[in-house]
Amino acid sequence: MTSNKNRRSRYTALAGLSVSAVLMTACSSSPDVPGSDGPEASSSGKMNVGVLLPFTGEYSWVGENVDEVVQMIINDQVNPSGGIGGQDVVIVLGDEEGTVDGGVLAARKLANTDQVLAFIGPTSLSFTGVRQVIVDTKTPMVSPAAGTVELDSAGEEYFHRAVPSDSLGGKAIAKAISEAEELLEGESFETVSLMVGDAPALVSFEEPIQAAMEEYGTPLAKSVRYSVNRESYRSEVSDILGDDPDMIILVGSPADSAKVMAQAQQNGYDGSWFVTQDQTNAEYIELAGADVVEGVYGLQEAAPEAAADLRETFTEALGHDPDIFQTNAYDAVNLTVLAMYLADKEDGEVTRATVDARLEDVANPEDGDVVVTSWEEGKAAIDAGDGIDYQGLSGPVDFDEFGNITAPFDILQVQSGEFAPVSVIQADELQ
Amino acid sequence: MTGWLLFGAFVLTNALIYGILALGLNTQYGLAGQANFGFVALFAAGAFATTLAVLPPPDSPEYVGTYEIGFGLPWGAALLVAAATAGGVALLMGLVCLRLGGHYLAMVTFAMAQVFASFLANEEWITKGQFGISPVPQPLRDQVDEASTYIYLYLGLAAVVTLVAYILAERAGRSPFGRVLRGIREDEVAARTLGKAAGAFKLKAFVLGGVLAGLAGAVWVGSIGAVHVGQFIPVVTFNVWLAVLLGGVGNNRGVLLGALLLVLIRESTRFLEGVPFLADLAASNASFLPSLRYVIIGLALILVVRFAPQGVLPERLRKRVQPDLTADESAPVEPVQVKA
Amino acid sequence: MNALLEVREVRKAFGGVKAVNGATFTVAPGSITGLIGPNGAGKTTTFDLISGRTACDGGTVQFDGKNVTGNPIHKLSCAGLVRTFQIPRAFQRMTAWENLLFSGTNHPGEGFWAGLISTGSSRRREKEVAAQADEVLTFLEIDHIANLSAGSLSGGQRKLLELGRALMRDPKLIMLDEPFAGVAPALTGKIAQKLVELREQGMTIVLVEHDLETVMRLVDHLVVMHMGAVLVAGDPSVVRTDERVLEAYLGGAHV
Amino acid sequence: MDYFLQTIVYGLATGAVISVAAVGLTLSFGVTGFINFSYGEILTVAAYTTYALTQAGMALPLAALIAIFMGGVVTFLVARGFFEPLRDRGPLALLITGVGVAFVIQSLVQMAFGGSPKPFPLPLMTPWQIGEVYIPKLQVIILVLAIVCMIAVHALLRYTLMGRTMRAAASNDALAKLSGLNTRRIIGGTWLVSGLIAGLGGVLLASSQGNMSPTLGFNFLLVVFAAAMLGGIGQPYGAMLGALVIGLGIEFGAAYVSADYSQALAFGVLIVVLLVRPSGFLGKPSLATAGGAS
């Protein structure tokens, strides 16, 4: 027969249990651990690189595209050539599911259990949450996809990306439209409207474009936010067409952009479109249909002339035209592995701190640096004791103090079924 | 080694948060028979209420970012604000659907959660919408310089809140108030015939469930230090349902265990790439293994409902002892039918 | 002595079918009143109208001097008018003991906060209700089923538990919906004897029943319904020989 | 004025796409009496089957037919494998099982085809134009198909033996069993027919959108529920009416109120209907017992 006393004792037991669980785990974290989170991956530790991108959910295609390039460079180039620090580099995938909480858990797993030396990723979708994990675990990141303006000045350490900020991309679009005679095949546009999808990766374009259009003297006629993943955008489209614009800037996911363009064409719209990097590739033309996208303008980070043939060898190695974010992934992975290699050579140990420090040395030009555009060239130059200035597919890849890159932009247009370059906007023109 | 412990501590905190959510849903469904398929809305209400409460006001020196509302309250007050806000949203939700039962109530609450989600996503002056709010000040963060020890400290804080939530839910369940709710769950008409105003009781249970979800929301925001509308999607509701069904409908200790099992199942799938034969299958399609996680969660839902409707720790019968406030239990009751 | 329950011109129609068409009768305090009539006479519907289970289309119900027409079930129950169901509606996944405790009247512990903090008054009331439940168990001689789940009880045991739950309400008037239906003869006698004991203690009882033989011996006052209205009411011995009753039951014996 | 007319046309177009799926749902929900959360995934399966077959070189019409058949088969197998064994466990157990099935199918599609959106192999049709108002040709075809589908289901329920037995099983399963009807076969038949319609709905949805992703069906599910419930469960005409009302609601919401809240508007309609008149426009109260105490 149990009584009041017994019930009360059960509560105290439960309370004791949870408190002791906490104390036990707390005191077990060895006090001598130097500043960073968990033991430093000393040179004897495994050479793990974490790919922190979405592999499920709406944006799982980002993870798939980037992973293909990561495997190509690390498994086909780095490891066969002896790896780093005498070991193979191990790729560990972390599915951030395109959400904040998924990103935090995946980042924690990669940083704590896999002791990764650096993150390839994350995306703008999960950056709000992952930012805290990066700072706590002091793990450097090089994102091939995060254009979010949050990264513009996130911090001096850890944060790097091989994709220009949406604020630069937005400014380039605005410049191209307002100086269309010179940059867009001699066309000219009076009424320009903007459609932005209501999702993390897209909304960060909105303010930069609005501000730049103002600055360049052709303010937007209308700016509309549409909700993503809808079956029908007919009303949003006819709302925008109310001012009968001759140019619509469309910031959206590939699937939604294809729907909007098709439904606009069915609503009698025959003006021009300007899309962001996500849609400026062959995959999008196939998705939306060549006849719908004929004449559409887009932009991509411009590869320097020296890398013109680099794009061919990359396309050959891939076996298909590069998909969305694959060129940026090429640069992000090369920067990371070369920084690891340089850290091993110069500092004698490959740790998060040394890799983070060496990223700038690899990317930014110092006098006497040799320009390199791939792992082989970079490795050879480091072995020969030279400093290196990595330049890749997404431009010269030089970091500012916040880890952002500026890049010249290629403006392209769909001509008879494929994107053809039309003009170039130099990086300094956008300052 | 401490890396694994650290990740373990972080996952345990996540499990405690799902535990508090499971206690909340168990109070609404397990105790009062209200099938709430919009539970994530209450979780979101708690999370955003906490965020706005603890954020330093826009005019204060520590202001960072572009959010528009911040009260700079201490975390203790923020917990109360979260519980009150989520309780308020639960009151609104409960009032609207008192007249419905079974799967119709499930359908209406699911639709209401979607409406609440689009409200949160669109009202950027409150939630910063798709931009999200980060960083959000974490409790006692400045007391600890070491990021890793903070994880253990936070685990302790989460454990304390979970204990409070457990005592709250357990006392409600065992008290005469809980007995009336269980009667209403069994047969509302009979309960009314015996003089109980069923509507008012169901509403109170709904609000208590909301309060618990609000607490979970607060602990959640504290653990991540950021909040974004994209976190509060229907999958969360179904995860909490799985925790309650797996643990044992009607048994608070059972649902806590169910939450732990849920999080362990979910997080263990992050280590699948270690499994040899799966690795080469995954080589062809990078999202092969991660989507396997959702297959496993889906299968778990199906199998639990079909083969273990009672869950791991089924609800106990309250037996008669010599006159004492609560009776102890021994033999489990036969299957608690998951019925309308 | 005025009536405890007065039913005047009560009406209810279901889509054109007049189930109850102006039923009028009274129930004296401390009496057992039987409500009988052939199938379809409107007994159960009248029963539901009085107990608030179904809303009246017209007429009034006066209980304990107050007009309670259209009051919700739980208010009527708190006022002292408690009904049972023909098919007992026990709380399946609770023990018989908890089924009884459930019905405890004005229990502070059922308040949200009082329940959580388990105030002194709540604990005291719980002890009183527990004692009352013990009394009911002993009175109905069903002590042995206290710790069994209601779902596992036999038909007879459930009937007794249903009666027990009503008694826990300290009712002024109990309305029993076919208390003897589907019950073994031995138990019928026992239930009838318990009802008589209750009447001795001053309880007022109304019951709807088909088992005329038991009803005739048990009740003080008989109300016979036919075609939705009260045909005749009075002392069982008088009503028994009333030829209108025979005709109603035998459907017009002589043509 | 044209803007108003144009919004009406678009409302009907959006309604048309919803209606086919709604008719299929109202049939299965009407007879089996529970909310099937995996219904959306059948649309996704049909859309991806069409895509896979056309990628393998098959002509679109044939691929679409096979896809519709696949919809029926998958629905039938899911029902027999997962829903039938829980027949007597009440609608909530079935509802949760449906959620589990939805997770499984959605992830299997993603494992098989990857996450990136796939185009629907149908060239864009130029719209008719009357004055300033554009009438999208494809959606008109879909509307016609929806009407044909609704009439077929109505005829099936009203005039065929199978249809009458379905309605009998719907209104009172026990009674139907007593009168010797093999309810198991009838319920199986219902699943198959509603699966075929869902297959058609999936193909039409993907063709109307022009592309598909693994979450195609799940995102569309709640709108289809709103339509089916608004129209009254088990009523093909009701489902059609409900779909058009929801379609108009979404487009007018987007055009005149605010695009962000148009989806929430459709859910608002569903909530009000369930609270005020759970049996919907044409539904019989008995069939859709809200059952406060159920």
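Letters are used for the chains, namely A, B, C and D, taken in the order the chains are written, and counting of residues starts over at 1 for each.
Note that in this section a residue touches a chain if its C-beta (ideal position, glycine included) is under 8 Å from a C-beta of that chain, and two chains touch if they have at least 3 such contacts.
This structure is a prediction, so every number in the text was calculated from the model and none was measured.
Asks: Please indicate which chain is farthest from chain D, where distance is taken between mean Cα coordinates of the chains.
Replies: The chain lying farthest from chain D is C.
Asks: Just give me the whole-number Å value for how far the CA centre of chain A lies from that of chain C.
Replies: The mean C-alpha positions of chain A and chain C differ by 74 Å.
Asks: Counting in whole Å, what is the centre-to-centre distance of chain C and chain D, each centre being its mean C-alpha position?
Replies: 49
Asks: Which integer distance in Å separates the CA centroid of chain B from that of chain C?
Replies: Roughly 43 Å separates the two chain centres.
Asks: Go ahead and note the Å separation of the Cα centroids belonging to chain B and chain D.
Replies: Centre separation, chain B to chain D: 31 Å.
Asks: Mind pulling the chain A residues that touch 2 or more other chains?
Replies: 55-56, 60, 63-64, 198, 227
Asks: Please set out, as single numbers or ranges, the residues of chain B touching at least two other chains.
Replies: Counting only residues that touch two or more other chains, chain B contributes 118, 121-122, 187, 189, 285, 287, 291, 293-294, 325.
Asks: Which of the chains are touching one another, listed as pairs?
Replies: A-B, A-D, B-C, B-D
Asks: Inside the complex, what are the residues of chain B that reach chain C?
Replies: Residue positions touching the partner: 168, 171-172, 175-180, 182-183, 186-187, 189-198, 201, 204, 208, 315, 317-320, 323, 325, 327, 333-334, 336.
Asks: Could you list, by residue number, the parts of chain D that touch chain B in their complex?
Replies: 34-35, 82, 85-86, 89-93, 95-97, 99-104, 106-108, 110-111, 114-115, 222, 225-226, 229, 258, 260-261, 263-264, 267-268, 270-271, 274-275, 278, 290-294
Asks: Spell out the part of chain C that touches chain B in their complex, as residue ranges.
Replies: 51, 53, 72-74, 77-78, 82-85, 89-95, 97-99, 101-105, 107, 109-112, 114-116, 118, 122-123, 126-127, 130-131, 146-147, 149, 151-152, 165-166, 168-169
Asks: Residue numbers of chain A touching chain B in their complex, please.
Replies: Residues of chain A touching chain B: 1-4, 6-7, 11, 14-15, 18-19, 21-22, 25-26, 28-30, 33, 37-39, 55-56, 60, 63-64, 67-68, 92-95, 97-101, 104-106, 108-109, 111-113, 115, 125, 128-129, 131-132, 135-137, 150, 198-200, 202-204, 227.
Asks: How about chain D: which of its residues touch chain A in the complex?
Replies: Result: residues 3, 6-7, 10, 13-14, 17, 107, 110, 114-119, 123-124, 126-127, 129, 134, 136, 205, 208-211, 213, 215, 219-220, 223, 250-252, 254-255, 259-260, 262-263 of chain D touch chain A.
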